[in-house]
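Labels run A, B and C following the written order; every chain starts at residue 1.
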């Protein structure tokens, strides 16, 4: 962190830097709010002009018209759209996502239940993305302009064009069905009772907290294929990014001098150069987060993963407006939050960012 | 006759002078641009081939893609059915060939639609500036920052299945891509000397936009257009895969893939392998074309 | 850094394999897999087969069905009698039955339950409100239902879930319960053989034997119901031994594969659910009954069964399913299967020809009836277009939209399916061709002569009269064709070798207490 390098005195400098940073963070947060607001408005409009009547869908074919009308009144669906919109936004300001139309339950309940599954999948997917992306990228850079470099670059391009769900299906077919090494669906073996360990909803943590190593192993096995799928498909971008950054770093004087001092090339590439290429990679990870979420939805559909992506799709079929909106609010918050964190992180590291 | 043209003659290209020149140009371009050139050519060949499939499917497909009596159900690839048959005994090869029409049509139309809306908006917004620009940028940035697929899902669900609807759903998502690109370019070109000069001599704003700014912006749009089609292909396929795309009766790769999914535990590999390969190949074609173009037209655009 | 990642990756795999292979068997539990969902854990609100199935195991009705049978026997009522007119039913209740918390089961509890169902107006409440005027407590163990009119099949209604007596001290009077945790005491315990000890929506329900059950104690003390997001996952879980029993709903290809696997026992149930084509008969082009007949003649049921369902379902030639009383095969003898000659004759009469083909949209809904629906639509289109006088475009809409569209008369022809509310031919006929029922299904068929027949059949308790009426109605169906039956669904249950006692009858009631493990 260049801005904080000088630890000896100069506290006033530090203070003003902190102040600037704080101001930056506040402006950045304030900018995030209208963005979320615009998205929500857009989604609200889309959903309300969507054909299909959730009330008659939920009531069944036998419901007489007056019951339907009464239900609509109860749900506020008979009011003009603008009033519905104001009501919704008002509730949202009070952190209330409303109540599901199809199931008589708060929207937040299923979201809370399914969000951990999505986050767990996304985090492990990220792990594989970084694993493949950084190593192949660094490797290609160290062997630049050779056949191996070219092969890695082709990998990056091809992988970027693989539909994530197809990747998932092929891995399921080969590693799951033909070889039988990994389970291909769900989060845990059906014989293990979820209620015996569940606390946070992150099964990897929960099983460890419950001290059930057998369940932990099973959870890890179930996580493997979906996160690998997500990881491989997104690794293409990181391969290219790491390679480009590594090429820059490898040309720098710092590395040249290391080379001159006779440090082994492997050590230079993987220890010194990679460390320096790391910051832009992390930034990129933040920028690609939206892509990761979209990929997670498709992966959830392929692997029967009970996350909020599946929840979204199920509720779209049922026209459960409040839940659909709720899930999209969560997605929007997520994306904004991550980009916010990345921006702040970047601002802290790179003092050239305008506060 | 120089040595070079002799070589060309030997390889059978001299008969028509034009072909020879094309070939020569290809070789020269290779020398000038290196690997990127071959990436571009490779992408173009894929696109040309699949476009041919889409335009003249009848010349390639052995069967009608909807014909349910081409052979046994779920036949593995073999004689008569190089890609096998599906659960209703339709020929998968024929479905792949006809399916190219849907996906190419949707992706291409969607990309054109979004550029037709995004480019003018970006031009005007960047050129006028002020509050108008701020509001538009904010809206476009919000949409852009959100996962495109989720937005497309919402739109597709709203509009219901159908070729036109899915095209619209895909198009909406990519408007901000063009908007942001064009607005950014416009902002920087606006400050260029020759634009200042035009303004100084009293050229009308519409003329400046049309004559000075638009032509300079459009070069970068070409590259993004190609990459954007690749993205649109992936989005269309994803929508079809999750069942929000098209009604039955229209061959479509994404839908065939979804269909094959339920036969996975029975080990019916051909129903999922081929549609996925097709989607990937087509997307790869446009990505490679775009990458090649970007290196050649504007080496600094996609440095990373 | 490189090693760091490599080590992490290795850890990932090693932990997975090492721990997961150390499997151990604990209490003998039966794991039951399904792709269904639990709606509301409240008999006053739940209106789907799976939730009803759970209630049928944790509650008891006044009347019930023996496992696997369709004859009604006494349950919590020892006997019942109807008055001469048939609009009052009196039940004598079983004595000495107590709810788990000690609350006695008596006539007041029955009345309390029915009043609650009426007051809450939940989805299935019409099964009560359409028929029952009031409930009178005669004495502690005698209760009388006053009906709105004579209803011949009231005992069948009284065996349905909304009539199941609840514990007045546990259920809130004015609120629908979604989760057992909302109940006083926090557990779902009724008068049935099992109780719910843990409930996690979309994940699992854990049932344990109810120690206070008055009847024979179940042999399997603990049953876990696991919820699967799709059929494929469930099939794989069964194959890997993660579940002992899989029921509802596997894909045809999965059923075909599993039936061949000798590790499992296959049960084929002729279910009461039927699939059919509906026509909008009042305004659309199909108001001409000749076109409906032509449609019916072109459909080739055995081919659909073979191609789409791998012969796992039965072709159906009447709206009343086979195996039910009064069923006839009229469609087979009149319109037939794939009868192009007849269809073209009818189409010609209606003014269509090769040059002027009948064009229409055939609607289906892609997820509500499972993955096979798309295939069925495709095959139907191909069959209809075998006649060059027809051009079909397939259209699809999700369930919520679909439902709205049929009510708004926006679909001329559409595919639907039916699970009966109560086991009686009336529920398969009046619901489609009676004026009010037909309107609700979007068919809008209305004929006073038909309505008169339905009233006759509904109010008459004499089997001979009802038989005559239903045979007549089924005959008339092939002429007016308000709907075209396609097939009758079979249900498949797969269990591991050691599970026995699966008895599911046409009522689809699945009594878990009949299950046991073969040693």
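By definition in this document, contacts are C-beta pairs under 8 Å (C-beta built on N, C-alpha and C of every residue); 3 or more make two chains touch, one makes a residue touch a chain.
None of the values given here were measured: they were computed from a predicted structure.
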Among all other chains, pick the one whose mean CA position is farthest from the mean CA position of chain B.
C
Determine the chain that sits nearest the middle of the structure, using the mean of its CA atoms as its centre.
A
Cα centroid separation, chain B vs chain C, in Å, comes to 47
On a C-alpha centroid basis, what's the spacing between chain A and chain C, in Å?
39
Could you give the separation in Å between the centres of chain A and chain B, each centre being the mean of its C-alpha atoms?
26
Note the residues in chain B that touch 2 or more other chains, in rising order.
157, 160, 261, 264-265
Identify all positions of chain C at which a residue touches two or more other chains, and write them in rising order.
232, 236, 367, 397-398, 401
Interface hub residues of chain A, defined as touching at least two other chains:
51, 316
Hey, which residues of chain C end up touching chain A in the complex?
1-2, 5, 8-9, 12-13, 15-24, 29, 31, 33, 39-40, 45, 47, 121, 123, 126, 176, 178, 198, 200-204, 206, 224, 226, 228-230, 232-233, 236-237, 240, 242-243, 367, 397-405, 407, 440-441
Residue ranges of chain B in contact with chain A within the complex:
35, 138-139, 141-143, 145-150, 153-155, 157-158, 160, 230, 234, 237-238, 241-242, 244, 257, 260-261, 264-265, 267, 269, 272-273, 275-276, 279-280, 283-284, 287-288, 291, 303-304
Which residues of chain A touch chain C once you look at their complex with the stated criterion?
51-54, 56-63, 67, 103-105, 110, 113, 127, 130-131, 134-135, 183-186, 189-191, 193-195, 198, 213-214, 216-218, 220-221, 224, 270-271, 274-275, 304, 306, 310, 316-319
Residue ranges of chain B touching chain C (in the complex, touch as defined):
66, 68, 73, 87-89, 157, 160-161, 243, 247-249, 259, 261-266, 268
Please output the residues of chain C touching chain B within their complex, sorted ascending.
231-232, 235-236, 239, 251, 253-254, 257, 307-308, 364, 366-367, 371, 374-375, 377-379, 381-382, 393-398, 401
